[in-house]
């Protein structure tokens, strides 16, 4: 059988190691494999590794490799391939955008044909998770093949053709070590507009479309929703005139009727964020926290108490980047206006917005972001938003920064988890952020498709089935 | 003739130079090229290296000369988005756009002449009023809207045609028709109006006095006279299509042409790619202009070529 | 001793630019008129005849200083005006006026007759407004035989002949010494034509105006002119008092021209011997060498082909430019 | 039997301002081989008459009354338009005033001449072309073969008029209508064209209707003259009679206001006033307001009646008193 | 046949007094409708704050995607329904008229002023100045319009005023051409020659004799160009580079309604119809205006109507 999947953007390249590019990943996830993998529910399991890695010392992790795996071009997958893959990504000359994930890796050493040691610059408890992100390439093909245009991996699907701008086709890998997948070939179509994707699905051209709007779940033949990687949140400027008062910040959290928003905006396909912006599927998520209640009376009282009535509050955001971003921003601004603050929204053009989010200028009172965590580990989101030096952080809490740094090098999983719980509790109590929702990914499907999407948002064709 | 082509080419060079100067002023003087062209995450070192690479440290005149030199050698730099030479991306997408335009404008031309002629024969008649109404609507309908409505009706409700993308001939139908409507309306009205004018000219009186039938007069006499203004108006439409309509239509139908690429390039802040697109289109427009002038000359021996 | 001429033109040559010469093209120009000389006495009418494109209008416009002269001198009222410009030229305009051919386009359709006729007075500071000039306008309109209510109407409500009268009234407003009339009656019907010609003659008699009267119609020219100049391809080929030209033409072209004019008398016309010169008029952009008429001339000799004849006195006031004819 | 007979022709033009009554009862005959001159004031309906004969009156104009007979058979009207097409262009042809615009600028001269031969004579393209070349020579254009492939703009005005004439005589018609064929041309060229017409008539024996302003042309070329005024024919007659002894005061005035090349009148005799508008033409004599001898009696309708060798539409014509009055 | 010709009785010799412009407009139904629509839209735009039932930006999460009133779930509170944020579609369209008309008017004004000045200059100076200026026009006309606009917007950032500026700078050429054409042809007309011979100063010649000829064609052109601006603004806003939220514009509304095309057709349909109605009514009216200010065209139109009327009459007679 063949299916057609409509994805939002065309890969800019098919080189799996250089770009941080959603379109590229959606295709290459089927061609390449990684040492570690995740189950559809997010549990970290060995992939090309034969078993979970062992920590040899504080900075060395040892991976045993699966035997008998072959690349599509016949090259064997072995320690050399891993070393070549790792070295290529971290080679500064390649200037890979994925270094955000692999910055801690110092080197890879071959132990024997099926054993590799990965050495990190410091203690790195997240390394196994990181290796879930690094695709393994064939060393020979990397030298003289066309990695960017005609990829060769070990995965269940082989590259077939790519008409730039139009479509890209993969065919099943009959020799796949995990068994030949059910679907024979898959065609990707690149359709930016959600409306166009939907119409393609409705007209029967597509079998799977990504990012279905919640409103359309009733219109499509079939759909599947799964909690996704993105959490929407407002980061509050804790040093700003008005928002430096914790009472004000608390009021901002209490003013919002998250349930109504989830129902109204997302038709229920959004989970209320529980006290922080950490993804519930991620390691380190604090299950004990509850979402902030909706209590507009108290919020008003708090604002009055803080003497902030009529004070200006500028809400910064963008439009069109994330699901219903503007809707969320404007809805929240509406709730906040009810507390008595003088709220204005500033929807910025994206590059300007990025500057507001991560630039050196003064921090906005509140800035919207839909944060995503591909590694499903709390470290990244905490460093990004809670750590005072984090790119999107708006606080100057040195104590919190220390806690985050401690957790980052703690290799004992239980201890690390406890640390993260504390950090989240602190962030929650001090109202550093206004977390909104953990957004669900919704996929539209044609009648004949059978598929349960994954929490990590990977489009694994080998997990799909067609009933005819 | 040769002199004419040379002169026309020279004017073309002036156009391209004008576009170059405009782009230079806009990107280098109005905007800060480093901020515009590098991603926000670029490091200071990268910024400095880039500034050096495009020669920002040099005097404006030198910068401009370099800019012109690069363009003359079709060196538009690497697309930031696609990480390969921008001109490569442009040449890859250009045929798709040309295909779309050929289909759309071709249909418009083929349909407009009979429609306009028939309307002109009976101004105020039923056919005429119908054509005029549709024409006026065609001129009033924004193409993006028309495209969406067409998708809603023909692709989703009736399921006759695919909604978007490129591939089979069926994929071409909706975008080409959407693209065709405005030019079709404009052409038809123009054919009709000039046909009516032309039919009132003295030479038509002569032809009638020669005892020729109306169809022969239309076919042999007036049609040829309409061709010259028709050529020039279709030239304008072609330019408008190339540099405007396609952007919208390709976006609506996810047609992988230059127009869609332009929108994506801007969304991704890929100014190099955008520049390359603008220049290639400008260049095409110049070529089209020359071709049309030569064609007009072939049709109308009176034309003074200048 | 004759009186000093109002207008004296000598050796006039005029070039037209064909292409304004784009940025990189060389200018091309055509010599429309060359070596034109004539005098015009006060109260005299000089008829200027010639075929289309022979340069009649060009001479008229040059005399009015509407186009610059490439060569030659134009003396008006004793003053050399060849290179006059700016304010002095504007003031000069009061004394030389124009009547144009087409009565339908020579009046601004958006102005009332009173404004049109009063405009010369206003621009020369003789009246502040059309209202102030009312009396003068009324007098002028009466002078050209228009009804009294004409002043408040717009040009479109007048017939061709009446419009031409309005044009003449405008030209008269400043009491000019010279009027250049460029085919003032060509566009008019035969029956109306006579009205305008009569008016012009009356005005000349009463006001002593000189006319440079340009026309195609040899009969009309004969009727109104004291002297007649015949132009061919940018040159005057013959100039003489009226009767001399019509009865004893010297230049072969004049001869042919006169014989080609049909006469409104069947017997006479059928009996006339016609010398129709073969071929068409010359293209002044590429004129033939020598005498410009030689390709069509029955008398042409080698000399005519090589050397352009000068306009020479043949007898008395009779000048002609021909190598082969002498009186 | 006359070749062409026009009987009580009325033509109106519906304009915004109202209905222009361009022709108000025009009757004319043309005999085989004769030259009829039509003269008259601008707007008197000369061209409209010719166009009506050629079936060229169209919106906003219409033939509201009257008949046009060609060799006894009706020619005007919609129903016969198709049948008449073989008469137009073949038996009756027409040349127009402005040779500059009357030829299709984008077709070669040869093609335009050959076209009419192909359509009416059913000749092959090659034969038609050969004939076109002959015709060009016949109208005095040298180098005909080469000239066939040129475009009208490469010809001078006189030559274009010759081309028009070539087209007009291509099918050896019985009647050629020439609507001011020389008005746009210089006197010497005009003389050439007129001579050509006279010559052709002699050779081919065709009848010519010559429309003109110029009494001189009429005098030289025509056998009979019809004088039009305000959409009506006011006088017809043999050319000598008309010039020597005009019966209608308008004809009189016309002839008198035309200066000659030798007469020495102090003043021209002008006809005062201007012709009436045709939106509401007077029901009686249209010339009355300008007429030196008209009186209240002229306010009734005037009909053409025979006076001497011709016909006149003036009730006073032939009266002795009138002769003296003028 | 002869019978049918004579049966058509001669038209009564009646005088049709030229009717007044207004009643003439009234008789041309399409133009009258066009003008009425234009007036309505202008009225809506002028008094948007008073007329619009809601603040166009006021959202209500609970009242999202309500269909128009005549549909099953529609309510009288939102006549044309609500959008994905629960904003009132009718109010947004009314306010959108304001944005569209303002942008169109300002742009036309700027472009027309610039173009007229340059056209006057070129036409009056003639010669070299003229040919250089007109060459400039030729060159700029060959610029890739919308793409260049997009490039500029990419650099300067999207926004209403960027759009207005860029559209003005890319649209002045038509006006320059028109004005220059009229000026240089009017300069050739005999009455201007006469005025100069009389001794009028250049300023008087321009203002008294030349300029009055420009006004009406310029108006007509500006009106027609206005529709082009409306369409260009809509297109650029649709692409996301024009008017930016929270401001409204019809093009922008179509763009944001696009994602909801299948469950809320009204989001795309109504703003789209607003654009169509605006452009169509302007075209209808401008057509009429163009013909009406040109006596020759007027006569032709009359003749065409007459011909059609006569054809109908004939058909009826045959039937």
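Order of writing sets the chain letters: A, B, C, D and E. Residues in each chain are counted from 1.
Going forward, contacts are C-beta pairs under 8 Å (C-beta built on N, C-alpha and C of every residue); 3 or more make two chains touch, one makes a residue touch a chain.
Model, not experiment: these values are computed from the prediction.
A.B. asks: Figure out the least number of contact steps between chain A and chain C, where 1 means they touch directly.
C.D. replies: The fewest steps needed to get from chain A to chain C is 2.
A.B. asks: Where are there more C-beta contacts: A-E or B-E?
C.D. replies: B-E
A.B. asks: Approximately how many whole Å separate the CA-defined centres of chain C and chain D?
C.D. replies: So the centre of chain C lies 32 Å away from the centre of chain D.
A.B. asks: Just the number, please: Cα centre separation of chain B and chain D in whole Å.
C.D. replies: Roughly 52 Å, centre to centre.
A.B. asks: Quick one: report the Å distance separating chain C from chain E, using the average Cα coordinate of each chain.
C.D. replies: Comparing mean C-alpha positions, chain E is 49 Å from chain C.
A.B. asks: Report, in whole Å, the distance between the mean C-alpha point of chain A and the mean C-alpha point of chain D.
C.D. replies: Here the centre of chain D sits 92 Å away from the centre of chain A.
A.B. asks: Counting only residues that touch at least two other chains, what does the list for chain E look like?
C.D. replies: In chain E, 135, 240, 258, 261-262, 304, 307 touch at least two other chains.
A.B. asks: Going through chain D residue by residue, note those that touch at least 2 other chains and give them in order.
C.D. replies: Residues of chain D never touch two or more of the other chains.
A.B. asks: Could you list the positions in chain A whose residues touch two or more of the other chains?
C.D. replies: 193, 195, 199, 202, in rising order.
A.B. asks: Would you pull the chain C residues touching chain D in the complex into a rising list?
C.D. replies: Residues 51-52, 159-162, 189-195, 197-198, 201, 216, 218-220, 222-223, 246, 256-270, 274, 276-278, 280-281 of chain C touch chain D in their complex.
A.B. asks: So in the complex, which bits of chain A are touching chain B?
C.D. replies: Against chain B, chain A makes touches at 12-13, 18-19, 164-167, 189-193, 195-196, 199-200, 202-205, 350-351, 354-355, 358-359.
A.B. asks: Could you list, by residue number, the parts of chain D that touch chain C in their complex?
C.D. replies: Counting only chain D, the residues touching chain C are 41-42, 156, 158-159, 186-192, 194-195, 213-220, 239-240, 243, 253-255, 257-262, 265, 267-272, 274.
A.B. asks: If you look only at chain B, which of its residues touch chain A in the complex?
C.D. replies: 40-41, 81-83, 92-93, 96, 148, 151-152, 155-156, 159, 162-167, 251-254, 256-257, 260-261, 264, 267, 269
A.B. asks: Please name which positions on chain D make contact with chain E in the complex.
C.D. replies: 10, 12, 14-19, 21, 58-60, 62-67, 74, 76-80, 279-280
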